[in-house]
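Could you have a look at this structure, given as structure tokens, before my questions?
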Amino acid sequence: MPIDLKKALGATALATAILAGSGSAMAADLRVNIAADPSMIDPITYSELIAGQVISNMYESFTAIDADGQVIPALAESWEPLEGNLGFRFKLREGVKFHSGREFTAEDVKFSFEELLRPGNKAGLNAPYLDVVVGADAMKDGSADTLSGVTVVDDYTVEVAFTRPDVLFPIYPIYLFDSGIVEEAGPEWYNKVSAGTGAFKFENWSRGQKVELAAHADYWGGAPAIDGVEFVVIPSPETAMAMFETGDLDVMVVDGPSMRRVLGNPELKERAITAARAQVRYLAMNSDLYEPFKDKRVREAVCRSLDQDAMIAGLYSGAAKPLYGQVTEGVAGYNPDLPKIEYDPEKAKALLAEAGYPNGEGLPPVKLSTTEPNKNQHLYFASQLQEVLNMPVDVELVERGTHLKSINSGQTPFFAWGWSAGYPDGLYFLSQLWYSDSPYNRGWKNAEFDALIDKASMTADNKERYAIYHEAEGMLMDDWGTCPLPVSTLMATVRDGVSGVAIQPFGLVPFADVTIAE
Amino acid sequence: MKLLDISGLSVSFNTLRGPVEVLQDVSFDVMPGEVVGVVGESGSGKSVTSLAIMGLLGHSGKITSGNIALSGTELTTLSEEELRALRGPEMAMIFQEPGTSLNPVQRVGDQIVEAMTEHAFCPPAEARRRAVELMDRVGIPAPDLRARDYPHQLSGGMKQRIMIAIALACRPKLLIADEPTTALDVTIQAQILNLILDLKDEFGMGVMLITHDMGVVAQIADRVVVMYGGQVVERSEGDALFTRSAHPYSRLLLRSIPSASQRQDDLPIIKGTMPAAGRFPDGCRFHERCPMAMAACALSVPPLNEAGPAHFARCFRTEAIDELEALA
Amino acid sequence: MLHYATRRLLGLTLVWAVALIVTFFAVRAVPGDPIMVMLSDHAGDAALEARLRADYGLDRPLPVQFLAYIGDVLNGTFGLSYRYVGSTVIDVIRDGMTITPLLALSALFIAVPLGLFFGVFAAVRAGSWADTGIILLLVTFISIPSFALAALLVWMLSLKLALLPVAGWGSPAQLVLPVTVLVVGPMAVIARLTRTYMLEVLDRDFVRTARAKGVRENRVIWRHALGNTMVPIVTSIGLIFGGLLSGAFVVETVFNIPGLGRIAIDSVLARDYPVTMSIVLLFTVFYSLINLCVDLIYAWLDPRIRFDEAAA
Amino acid sequence: MTLETSKTDALNAPAPRRGLSDFQIRFLRSRNAMIGSIIVAFVAIVALLAPWITPHDPTKVSIMATWLPPGADHLLGTDALGRDVLSRLIMGARVSLTVALSVLAITMTFGTLLGMVAAWYRGHVDNVLMRFVDIIFAFPELIIAIIVAAAMGPGTFTVIVALALVWWPGIARMARALVLSLREEPFVEAGIACGTPTWRIMWRHLLPNIVSPMIVRASLGVGMIIMAEATMSFLGIGVQEPYPTWGGMIRDGLPNLRTDPHLALSASVALGITMIGFNLLGDGLRDVLDPKSRGR
């Protein structure tokens, strides 16, 4: 034999033994799956939903969202608008300790804002919220080193001045962090430590495997009862499910095909917690790129050819809610009274004929574009449109990045997509997707609608503002600017003996109150 | 006592089209210290006979009847392991192609040593020493150096000498040499044959020399067996065969002596080619090529008739054999 | 031999250089812009896009980017990951770099002896029902897609019988299923090759010589016959190892192992060019080194092969 | 004819008539070849007749009939979009075979040609070609496939190009090795000595002599290409919707293996059996045509 097997196998065994030493998990850690390795674990570059699940357990903002989806004060105890709604004065919570043990003060707010705007810091999702702050532009182009719009009044009072009114500023999830962190851990602290005030602090990140967090004993809301949280990276829902069943996961975030499985299994269904998802879905019909969409009747015909109830039953196994507007349940400003859009193939056919395309004759071919994960939905849309309207539709699968660029630059005529809320207010959807000047406008534009949105962003009174949303949303729907599509439910399953896990429209509530029996 | 006694040996091979009998009723013997030449064209069954003796017919070959006795031990009923124990110490074999008969990835010295250690013939250290001695004895210069060579580093003649050393390693009583010189240069052939003869005397072995070359047989064989089509067609003392051959096939073969160094393909005198096993004609298997065949030859197989003292031939027309000279 | 190895290494360097160039440009030919992926839903913010592009040097001409990448490779960081903000590529792939070779090598060290054993076992019984049975089994092993086999094993051993963990990395028990899935195919390939070559070698003259000198049958088979089949088998091991590296893509995905294969797939999806390029480069280097080893082993296995020939 | 080589002599027999009948006998006797050819014939017929024998339209979406278990109307049930699994399986055979045969046709033609040219002219031609082959070999094949697929965008044509790119070097290497050894044969040397034109030597003397090992290689190759195509589809870079592929069906079915095993299992079984068929046929053909084959 040419190969020394004994030696070779010995080496393998040794290597395995070494690996085994580092593998055992602590008993009182809460184990949760995440679908991909987070791209970052710091609040500055934070720019993806997956990372958000981890980061939200370490960092906090002025406000938080409770288990019922309501905005509650967090690092700010209260706030009042400055004159003309051009800013806010925040009264900060006292006695809050960072993971480093330092106390949270107004200086940290200023520092956090500045770091988010500092050129070269590759700031992510949170930086755009600061665009309204006075001096933000100067910070961004490097002409100023401090943010002039933020005034530290005293240790627990900070004023933020705006260039234009932004009544929703207090609910923006801008994570605030420790101004002493650079001194403590160096400028490259991002992947080494956490600098938040949250219930958990960063412990270890084994790339591609897991992110481990440890309890923050000095947490202002009370030290967590569990030792820590382990976010296990599991891309395959099937694997996640198997691991939950074998007890290797305490909480399973359920996604995609696993929902069917959970709902079909009484034992799992019993352990499931759900919430409406803070997301809207829509079918975008760009009339600049496909002539027939210029006719409102064609748009209505398309919408009436799609059966949301059938989709929910067939594609989502019931784990979805129909959507009849563009603000979703669980987000402030939702209108529960919007009329149902009935599936009505006969009416659809009639409308199309009225528009000059009897039985689809004269309709030019069109591509329904999407990415691989959304394939099934689109195949359904295409088959419905072919069947009901005899519309010449083909599904085209596009790489995600390419697709995003194309839809964001208004070059895709026909596609379905979703939009997840960045903060708990309906304005997010209406102003980003259907406002004419939004970079993400989906092909329907209306000046009256735009005026209403402008007005809403200056209306501090919630009730008044929600009424404006309803009016604008009604305008969008009356014109059949889009076909709203069902939104899948957020779901997680929780192992027996684990309590205090809660889910709200933005995902799992930070695990501060979780307990594990045994 | 006879060293090797073969009687009525029949062997068949399984082929694609069913079993084919390749040896039929073969009988001859070898006495200690004697050289028996087995002569015939390729396909006459001489190699199969030697493999049958060694028990190396493989999966597809089978002895269907007959006996093989080696020093009185019946070989056909022995188990594979019992046969193995005999190969080497009792009987050994040298093959036609020294080029392919040595393991290309084993040092030649080790191949000789292995022949001894596998039989616990002597302790490994002594086997090593003996291997070098043997190499010296078979005429390999600087044997202690050459022992570390691989076969591809040696010439054909040297390889055949190694083969002989392997065969002799356990001092066998019977040496079967299957065309030991065919693949070699003419100049080497004689050296190797002489070596075999010398060693025969030195070791007191019986030698069964298989060849297609009547010239070689004439020189060194004490007795001769001529085979054709899987049968023994003539058997005699050496001289008798050469002076008074009683079978037309033998006679025709003998004419090839002047061109002894040529291969059988070049035998110009016998018309046609020997049929493949399983395609022999009825009756005398040679009759289709025989210049003096008569009608009866195609009807039944001639028996091995006595043609003189210790001289047998398988021919109906032995008495008229001299007519052959006139015909050819 | 040292001379030969040096010469081959020089030749390999050339191959690696070509690989570097090809990968660099091929990866850039892939549609999809890493900046768009970073921007995700916010693609369209031109200012942000321009800033990110400048941050990552993607606004420079391709040749400049290429030179920069070579610099990054030479200084061992392999550049900055696009996806993992603030991390170098080497940080991203460091763990994977030990995991995938460990998986592939463990699989190889199990597959080779098993394959040899089954191949020899079938060859010496050629034509029997045992032989036919083994062949059918081997063909089945070769024919089962690894993803299907993985699913089947998880279902049976992890879920129904609860014997082994479903997925993950770290404990020896977690190695069992992935390595098994990786072993099955190559094992069957080696067994089939072994059987074929053994059948041929068993017919050769020197095997007859060995038997004629009374060598025990076991030694005839394992020493003489198998010893002479090792060269072609070792040749194919080089190829099989390439297959194992590819197999790692599937196995690591299914079993949630943070190896290079899974990182590679993630990086392709995320348009994390530097990571994709570096992994392709590593795979190429690793694979060609294995093939160099194979060539060196040849000469050790077969004294007839000189190093010059092994190169051809 | 010598007795010693009687086990293999039929192969070396010059007379074509006898060789042919021996081929038939060997083929009929070879359990592998028989089982393999029956399976392959079955798959081929199914693929050929696919449009006429699918019980349902394989692309017809029925949103209210998703994930049906196997039953009377849908023998193998339906998938996530209510499409008939059996019909998709049948159409999948067509897609798989189309890809495999296209790749085979391309690689066999170019690989053999380039391999022969390299071996015949040796020197620089050989060096350049084989260095190129080495470089392709230096990449794990899946990586090449992924890069090509990513660069060209997924689709049937991409799969064919990617797999052809990966496959031809192996064929070229084999053809080269075979021709290199044939080149020294007397009949070729005689041809050269007589001034026979190169193309004629190649076409009349070299090609016929390398045909049977190449056929063996091809039949084993079909299986491997089908597997590679399935793996690409499994990874999402293969043949695209609405065409059904076995690899794609397995990928779509795998997440639901435990609740709805019929989708992944039926495609796995179809793929597995087809692979077994081609492998057995290839093995059988090798035993029959080329028992001494050493090619890989």
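Labels A, B, C and D are assigned to the chains in the order they are written; within every chain, residues are numbered from 1.
Everything below uses one rule, namely that a residue touches a chain if its C-beta (ideal position, glycine included) is under 8 Å from a C-beta of that chain, and two chains touch if they have at least 3 such contacts.
This one's a predicted model, so the numbers in the text were calculated from it and none came from an experiment.
Here the chain at the heart of the structure, going by C-alpha means, is C. Set against one another, B-C and A-D show the most C-beta pairs in contact at B-C. For this pair, chain B with chain C, the centres built from the Cα atoms lie 53 Å apart.
Measuring from the averaged C-alpha position of chain A to that of chain D gives a distance of 46 Å. One inter-chain figure worth recording: chain C and chain D are separated by 22 Å, centre to centre, where each centre is the mean of the chain's CA atoms.
For the pair chain A and chain B, the distance between mean C-alpha positions equals 90 Å. Contact with two or more other chains is made by residues 7, 153, 254, 257-258 of chain D.
Chain A has residues 236, 238, 399 in contact with two or more other chains. Touching of two or more other chains is recorded for residues 31-32, 151, 159, 301 of chain C.
Taken pair by pair, the chains that touch are A-C, A-D, B-C, B-D, C-D. Taken in their complex, chain D has these residues touching chain C: 7, 31-32, 134-135, 137-143, 146-147, 150-151, 153, 223, 227, 230-231, 234-235, 247, 250-251, 254, 257-258, 264, 268, 271-273, 275-276, 279-280, 283, 286, 291-294, 296.
Of all residues in chain C, those touching chain B in their complex are 126-127, 204-206, 208-217, 219, 223-224, 227-228, 301-304.
On the chain D side of its complex with chain A, the touching residues are 60-61, 63-67, 80-82, 153-154, 236, 240-242, 254-259. Residues of chain C touching chain D in their complex: 15, 18-19, 22-23, 26-27, 29-32, 132, 135-136, 139-140, 142-145, 147-148, 151, 155, 159, 192-193, 196-197, 199-200, 203, 232, 235-236, 239, 242-243, 245-246, 249-250, 264-265, 268, 280, 283-284, 287-288, 291.
Across the interface of their complex, chain B is touched by residues 1-4, 6-7, 9-10, 22, 25-26, 29 of chain D.
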